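Before anything else, here's the structure in question.
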Amino acid sequence: MTEPLNKDQVQTLLDDSPYIGFMNLEVVSMDLDKDEIVIKMPMRPEFERRIGTGQYHGGAIAALIDIAGDYALVMKVGGGVPTINFRVDFLRPGTNTSLTATATTRRLGRSVAVVDIDVHDDQGKLCAVGRGTYSPNVG
Amino acid sequence: MTEPLNKDQVQTLLDDSPYIGFMNLEVVSMDLDKDEIVIKMPMRPEFERRIGTGQYHGGAIAALIDIAGDYALVMKVGGGVPTINFRVDFLRPGTNTSLTATATTRRLGRSVAVVDIDVHDDQGKLCAVGRGTYSPNVG
Amino acid sequence: MTEPLNKDQVQTLLDDSPYIGFMNLEVVSMDLDKDEIVIKMPMRPEFERRIGTGQYHGGAIAALIDIAGDYALVMKVGGGVPTINFRVDFLRPGTNTSLTATATTRRLGRSVAVVDIDVHDDQGKLCAVGRGTYSPNVG
Amino acid sequence: MTEPLNKDQVQTLLDDSPYIGFMNLEVVSMDLDKDEIVIKMPMRPEFERRIGTGQYHGGAIAALIDIAGDYALVMKVGGGVPTINFRVDFLRPGTNTSLTATATTRRLGRSVAVVDIDVHDDQGKLCAVGRGTYSPNVG
């Protein structure tokens, strides 16, 4: 375990991953005291579920959830944190020009961490919720 | 509910989705009696977790799981089947040139269906398992 | 769908179930506007994990989570609501003289509802979190 | 990690837990090579969902799933294995005189193990499926 990261460092880590970089994820805010990170995913043509729907495919939403949950921990422990498992519940279609994931750590133990992730559209509607378990291997 | 689909019809549905089409998913086999569909996801640069690892990002694996589980039902009921929720457990890094998802329906009820999805790499190693609940709205 | 229930009606429904009645669950509070119900589970000898630990077995905690999540919906829709599936994450041992589940509905759709459940011990420590999907069949 | 356990040792561990002992669980069979354990739960009045239904409450089924998944690992590693999280999907009402859980380990890693659990009634109908993640702390 190293030091917590600042917002620029987290953004650089996101951009350096080919998969995440392609998703164009943007760190909106980070709050180490509240254990919360907010990450935005702008729409791009490759995310659309069906042509003309303007709706994100659930796979893109699931990936956003996994990543946001992971980085709620990465920003704290300063390094890579493997996902053990996660669950996604889809509540409403994710339409509009961007989706925003708010990830909050519920428990950061030595070997297991649990993070909740809410995904809202740009109208503020809750589109999906996620819950992930990660392996922080904290010192 | 319409008729079950054949392999070409399922492949066309996959290709017609911008999101799935970008993933280059290929229907390897379908067995309506065994309630099983096998879908392959070849590696592409945008799927890599970190440059030089050759490993799929978990987000791509999760999306593959959601889609394979969904199409185990789509091929039966002949139309779109929304995902209610799904869970992914990551067992080993998914490396190599392709991953293959085998999705098997455990229960197809009138309003809820449950599908299990196993993901193997091209060496036959089990990399991830998924379980999804879908809303078939049958009959 | 009938009318929302009051606290006495919910308590009676709990007591009338042989399984729930044995668990001695008590409705602490209900808030229809906040979509929240709080249910307490006092320790009893049959709940202990191992003799002398004073810790609840995870099975009892899982059952509490399922029931609390269910009744967050039952109090709204006025009748039985089958569980589709649920997930439990254990964060800390549940010791002490009682556990309290706070269940909050995240989404009440026509055919699917999602509820989050937090379980605290009587020191206020978060012991477990649950997330359930239910089938409300709302008019 | 100690030695694998035999069937009598596993049965004794089950009986020694106040919670599991109350459930009257019985080890039907164990197969260390197939990583499989089968555990039976006879009906008892305290398990009934509603008087006169003859149906198990989902909480009892969830507890059975957690325990069966756990003991698929306990029999291998010879000691206690904490549950990290688990998921239960209910497929059909569990009626009749007993339910039987078949738990199969999908992956036993050093720090995380994943187990699948199928629950059948005494007519052989699949009533529920579970998937659990456990912390074996092997070696």
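Going by the order they are written in, the chains are A, B, C and D; count residues from 1 in each one.
Simple rule for what comes next: a residue touches a chain if its C-beta (ideal position, glycine included) is under 8 Å from a C-beta of that chain, and two chains touch if they have at least 3 such contacts.
Keep in mind it's a predicted model, so treat the numbers as computed, not measured.
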Self-check item: Copy-to-copy rotation for chain C and chain D - C-alpha atoms, rounded to a multiple of 5°
Solution: 180
Quiz item: Among the chains, which has its CA centre at the largest distance from chain D's?
Solution: A
Quiz prompt | Interchain centroid distance [CA atoms averaged], chain A/chain B, Å | solution = 22
Quiz prompt | Mean-CA-position distance for chain D and chain B (Å) | solution = 28
Quiz prompt | chain B-chain C separation of Cα centroids, rounded to whole Å | solution = 33
Quiz item: Multi-chain contacts in chain A: which residues touch at least two other chains?
Solution: 84-85, 87, 89, 114, 133
Exercise. Using the touch definition up top, name the residues of chain C that touch chain A in the complex.
Key: 87, 89, 91-92, 106-107, 109, 114, 116, 126, 129, 131, 133
Practice problem: Note which residues of chain C are touching chain B in the complex, please. | Solution: 84-85, 87, 111-112, 114, 133, 135
Self-check item: Complex interface listing, chain C residues touching chain D
Solution: 16-20, 22-23, 45-51, 56-60, 62-64, 66-67, 82-90
